Amino acid sequence: MLLNFERLGWLKYVLLGITLLTALFLLLPIIFIAALSFGSSQWLIFPPPGWTLKWYSDLLADPRWLSSAWTSFRIAAIVTVLSVLLGLVTSFGLVRGRFLFRKTLRALFLTPMILPVVVLAVALYAFFLKIGLNGTMTGFVISHLVLALPFSILSISNALERFDKSIEDAAVLCGASPLEAKIRVTLPAISHGIFSAAIFSFLTSWDEVVVAIFMSSPTLQTLPVKVWATLRQDLTPVVAAASTLLILLTVILMALFALVRKGLKS
Amino acid sequence: MKTTFASAVFAAALAFSTSAFSAEIVFSSWGGTTQDAQKAAWADKFTAETGTTVLQDGPTDYGKIKAMVEASGVTWDVVDVEGDYAAQAGKNGMLEKLDFAVIDRSKLDPRFVTDYSVGSFYYSFVIGCNVDAVDACPKNWADLFDTTKFPGKRTFYKWSAPGVIEAALLADGVAADKLYPLDLDRAFKKLDTIKGDIIWWSGGAQSQQLIASAEAPFGSVWNGRMTALAETGVNVETSWEQNITAADSLVVPKGAKNKDAAMKFIALATSAQGQADLAAATGYAPTNLDSAALMDPEKAKTLPDQQTASQVNADMNYWAENRDAIGERWYAWQAQ
Amino acid sequence: MPSFVALPEVATVKRREFRSTLPALLFLALFFVVPVIALLLRSVLEPQPGLQNYVELLGSSTYLKVFFNTFMVSAVVTIVSLTIGFPVAWTLAIMPSRWAAIVFAILLLSMWTNLLARTYAWMVLLQRTGLINKMLMGMGLIDKPLALVNNLTGVTIGMTYIMLPFIILPLYGTIRKIDPAILQAAALCGANRWQALTRVLLPLTVPGMAAGALMVFVMSLGYFVTPALLGGTSNMMLAELIAQFVQSLVNWGMGGAAALVLLVVTLALYAVQLRIVGNESEGGR
């Protein structure tokens, strides 16, 4: 009865009410950002005295926004590829292997996920200065890879654990080479794990600000650093305009994704 | 496959490290409208004259400077820092000595010149007030610390730096010429009386937002930020009574890669014209004594160097000596 | 390769699998373990070798207050997130999937929105002259603005906002896996709603809740941006203190010491979490 929606009775309305309020709570700042981006008050006064598109034209007139978005995208894309590949190889070892300390090793791989980011940021900054990687693309990719890898290993090894190894063995028995069997049988079966590894890795890098603040250089600045610097120094609604465009992009991507999934099902 | 990736990564690393040899220097400042003005008044002209590109970085971060110097990986060539930091860091061996054969110190305001630093610009902590949001505006520090006559939230600079402690002592009745050495016990006791009514601002933009939105309708702010706020149409009043001056300095971190170009850049930045251009754009005062003559007299009148009637100069040498001790006590007091 | 040759090799293959974890191991050793240990070493080497940084850190009432704040804020955020997250996850697990899809879309959208932008939106929304206070005053519910930001309330709202998905998503999975027949059985045995909830449903979700709660607690411990923007100076948390030591006070020794304290606490809790999660998956198999 508690798990049957129709038979909940009055409790159903209580639960729906809480969920609705939570959804509104989650939506509120997002809608608010969009509203601010059209407001004419430079000092984020709301409701604003009037409405304007000025912040959007300012945004497009400043090439630094676009170039930092491009930098973020490049870093996130490289991090995603490396994180998925490394995660895949490592997960096979962790799930299939039966060596000593396997669990300890797994725990070690997940540690960067729980380590306070500021500690890592400060540590990597000092380290990269010594070896000359600070402010470089390589430095960025390495530091974001440290943060993304645990998510990748986690999703892929979870998927791999649920996959029945005997199917792969069957393919080998039928004459496929072990590598072929892995690529043609196992990979498609754990594709959802790989997919979520990719999404998490991309997001981790794309939205990361604390490490990026330390890593950035005048020639290499990511979008979150640009947002952070603008908020601290100018506080203009251009930030709201940029965020609104990003939210719009997200909505479009999510809609596309839903459509593709629907298409695959039917 | 693994090896190809590793080699690709190292190739990329190599490509990036070699690209740093072209003719360019890196200038770090505090961002926002001030750094934009520094770029226009100094960097763009420097590039036009010498062909050396000036890359803009920031915000300035003292932890980063220390890490850079210790790791011998200094990426900033010229840095805009607070005056008290400059005086302290010079003594601690974090900075290069400036080359006064290149930089002409004869015309520079001697208050802001040391072996390791020259004044970048100087500003005043003034009392800014949103006239439309309150019945009456506080005129001096005693007013700003008086929560019965002027109820509501007020805003002060969050970080440990010259300005707030001086204001508290002046509000408590200490004479301007008896401020130093600072009576910290007395200052914190005075600050305790309004602690619950303070909203701290951590960057210039935030001070503007707090006053414009009337979240904290008045407070102690940098004078240039109020000039800029007035230009956006907000009805603000600036009280210059007992304005407290402090300066930013230009320094070269120890081991900077392009020392010679850095000296030339500082020479241009502190020239009469460079200082006049920056002052005109920011509302802060020039540190070159010849600059005022090059400026629009109307504009020059609104700058801190003209508001000397009751001006108080923060003592940079005192701050350099006591910077760490005051800082520790300051943050501990804030966190309580 | 003929298949019958491959099968007897299984034992060696399994041992060989260890090798495929080596690249990641090497990578983390070089770019994670080494830098972090180097930072921690500074805490006992600077300004001179010794434990004076730890003596100062643990002996000062101010820093102890920062530790206390860190734990308190994390605990409050965890409890609030659980209280809101449980009914939402429960509803999501049983509501018609079309509606659930909409709520999931909102959850994902909030996670995808730039963290700083969200935090700033809250800062403006919650201030005394902000939309929420204006609305509450307009409705006549309050006569003077509530202090919603620059204090614990602000930090809690802002961090709960960020942490909610991390509670809701795993709890949703846990509740989905529960067989409704168990609850029917409880009803048949005469359990009323309250008993079914407290004696059957809640206990069954405890592993999911514990895992989610620990995750949120641990993540909150190290949070930096949100407390700095939405909290007051008297709500300072450990991560902010570390940043302050390094950036404003240029004291890497103290920064390293504070980092070690945060690290030890986090790792201890992580070990507890591994226990819980480990047991759960073991039991499931």
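Each chain carries a letter (A, B and C) given by its place in the written order, and its residues are counted from 1.
Methods note: a residue touches a chain if its C-beta (ideal position, glycine included) is under 8 Å from a C-beta of that chain, and two chains touch if they have at least 3 such contacts.
The model shown is predicted, which means the values in this text are computed figures rather than measured ones.
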Most contacts overall join chains A-C
Please indicate which chain is farthest from subunit C, where distance is taken between mean Cα coordinates of the chains.
-> B
What is the distance in Å between the mean C-alpha positions of subunit B and subunit C?
-> 37
So how far apart, in whole Å, are subunit A and subunit C when each is placed at the average of its C-alpha atoms?
-> 16
Residue numbers in subunit A touching two or more further chains are 44-45, 89, 126, 231
Which positions in subunit C touch two or more other chains at once?
-> 23, 129, 246, 252
In subunit B, what residues contact two or more other chains?
-> 2, 64, 67, 213
Touch list for subunit B against partner subunit C, complex = 2, 61-67, 153, 158-160, 199-200, 213-215, 324, 327-328, 331-332, 334-336
Given the complex, residues on subunit A that touch subunit B span 42-45, 82, 85, 89, 125-126, 129-130, 132-138, 141, 214, 217-219, 229, 231-235
Of subunit A, residues touching subunit C in the complex | 1-5, 8, 11, 14-16, 18-19, 22-23, 25-30, 32-33, 36, 44-47, 86-87, 89-90, 92-94, 96-99, 103, 105, 107-109, 111-112, 114-120, 122-124, 126-127, 142-143, 145-146, 149, 153, 169, 172-175, 177-178, 203, 207, 209-210, 223-224, 227-228, 231, 239-240, 243, 246-247, 250-251, 254, 258
If you look only at subunit C, which of its residues touch subunit B in the complex?
-> 23, 60, 62, 65-66, 127-129, 150, 233-234, 236, 244, 246-250, 252
Residues of subunit C defined as touching subunit A within the complex = 1, 3, 6-7, 13-15, 17-21, 23-25, 27-28, 31-32, 34-36, 38-39, 84, 87-88, 90-96, 101-103, 105-118, 120-122, 124-125, 129-131, 161, 164, 175, 178, 180, 183-184, 187, 193, 196-197, 200-201, 218-219, 221-225, 238-239, 242-243, 246, 252, 255, 259, 262-263, 266-267, 270-271, 274, 278
